[in-house]
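All chains are identified by letter, namely A, B, C and D, in their written order; residue positions are counted from 1 within each chain.
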Amino acid sequence: MMTREGLLQELQDLNEQEIQTIYKMVQALKRSRVSPLAYIEELMNFRSDGYDEKEGVYVYRMLVTEELKNRYKMLHGGITTTFIDTAMGSTVFQAFGIERRAVTLDLNVHFLAPAQDGWLTARTRVVKSGRTIIVMETKVTDDNGKLIATATGDFFRLA
Amino acid sequence: MMTREGLLQELQDLNEQEIQTIYKMVQALKRSRVSPLAYIEELMNFRSDGYDEKEGVYVYRMLVTEELKNRYKMLHGGITTTFIDTAMGSTVFQAFGIERRAVTLDLNVHFLAPAQDGWLTARTRVVKSGRTIIVMETKVTDDNGKLIATATGDFFRLA
Amino acid sequence: MMTREGLLQELQDLNEQEIQTIYKMVQALKRSRVSPLAYIEELMNFRSDGYDEKEGVYVYRMLVTEELKNRYKMLHGGITTTFIDTAMGSTVFQAFGIERRAVTLDLNVHFLAPAQDGWLTARTRVVKSGRTIIVMETKVTDDNGKLIATATGDFFRLA
Amino acid sequence: MMTREGLLQELQDLNEQEIQTIYKMVQALKRSRVSPLAYIEELMNFRSDGYDEKEGVYVYRMLVTEELKNRYKMLHGGITTTFIDTAMGSTVFQAFGIERRAVTLDLNVHFLAPAQDGWLTARTRVVKSGRTIIVMETKVTDDNGKLIATATGDFFRLA
């Protein structure tokens, strides 16, 4: 077990950028104390932007930061998928109410362009709302409206 | 910009478990200074276990920890997918050499059972190795051999 | 080898509905002599309805007939997929010109509702048009506008 | 409505190969009178080769014929998918008994190599057998053992 003093020791040789990274992680950790979001979702600065009635889609955002990138300095495809999965899960809550829990059955993601910086937007549409299965599709765009990824997913409603 | 002193201030009211979480993150951050892995992959304790010649699969492992879980205390499906994507990407490196870079075109993941704790294993098989397209499949199991997820993916070789 | 006389013999005990089925097949076979469509596509009465500029989609139709159904008297899911694959392939031709041939890399199809009778419509959108990879999505609806299936597909351009 | 005489008239100008094609279609139609298979499945000469206990897979075969090909004289990808869908549906029957009907929720198919002639083999494995959802994977090979396609599918058990 690491003590508080040990942790402070560990922080001694962090450089400026690493200090900022750890600070963001501490902030996310504190938010997750009271947030319905998971820690990883807080780290992504995941947020809901409500329902776009005109388009019929639920809108979400996340912030691309250094610690979420792959070795090529692009957003890690796994994090893009985490964004999509979280957007779909949140849509189930918003569209069908919090008393029904649903789990992801499967996801199919096409990665169309790399994401480098700034905020991403996910727009999620309910394609089918069955008694047991909910089918959704999500499109992820960057700040310039460029399409980053498109995905479909099946969610399973627990009784 | 947060200063080192500001960060230390922020750490004052972390509880025991949060101290451990931040410590793990600092460790992962330090490893990522010299590691070919992305930070998020270090956070997952991603590692390669070599090629299983008998089965014809490349083997990888990751550790399920609290900060990688969703609100239901199961491994976040997005992190499972990050594990799979990283395993497939590493397989391209191991199977075809580091001079060829490849990017994920698409992933299709079926989530079969929740993962709760301990090490997960990913076994990745190259299904097709074309000049441009590499098709792989990955199966993720937990410590008890239970199948957690199965996935297929297309990777695109950059020239 | 069956002779013409042998075939006529075989037709003796067909009932009324079977006569109609074979007649449709003969018609499709004759159309396929001069058609750029495959025989199976002629059997489905596949046709292009042009480009819907307002929606940005290419529109196609097919006719659900008895011989294309499964044992439950619904359109066979494999035929729905044949419709989708043909619509995507035709879209490549229309959008990028006939000098470029493209082959299907993968298809992901969600079956949302059974199709029973009448004409189906497929609307295909080009989601990404890369130098090598074309990503499309197709939605299939029935005469009442009910969503039957939704699909995404990757096509690979041959040089 | 076409009469028997009208049909015979229509057959007058068929060439040798077309006569053979129509003959195969009449045969398939007659088999489908008593067969649990759909007409399109009979046209593919779909058949079950039983359970391979050693590999843990259900084995099926189909015959590639001219009328199932696309305009490039390769097996139409939609027919490959029809083969896969039928193999998965038959596996549900064999593995779980005929009293439970199941429908295809989604299919994900990777087309790996073109199929030209002869018999194809589909090997289907049950990956997950839930109370409601059955996940399967199917690999299609040709006579030379070359991998033609690999697929995963979710089936939904009707109560």
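The working rule: a contact is a pair of C-beta atoms (placed from the backbone, for glycine too) under 8 Å apart; a residue touches a chain by one contact, two chains touch by 3 or more.
Protein names from UniProt, one per chain: A, B, C, D = Medium/long-chain acyl-CoA thioesterase YigI.
Since the model is a prediction, treat every value here as computed from it, not as a measurement.
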From the options B-D, A-B or A-D, the pair that copies C-D, where over half of the contact pairs coincide: A-B
Pair joined by more contacting C-beta pairs (B-C or A-C): A-C
Subunit B and subunit C, separation of their C-alpha mean positions in angstrom: 40
Intercentroid distance (Cα basis), subunit C paired with subunit A, Å: 37
Subunit B residues counted as touching two or more neighbouring chains: 105-106, 108, 110, 154
Interfacial residue positions of subunit B with respect to subunit A in the complex: 1-4, 6-8, 10-11, 14, 16, 18-23, 25-27, 29, 36-41, 66-72, 76-79, 81-86, 101, 103-111, 114
Contact footprint of subunit A on subunit C as seen in their complex: 108, 110, 112-113, 127-128, 135, 137, 147, 150, 152, 154
Complex contact set, residues of subunit D against subunit A: 105-106, 108, 132-133, 154, 156
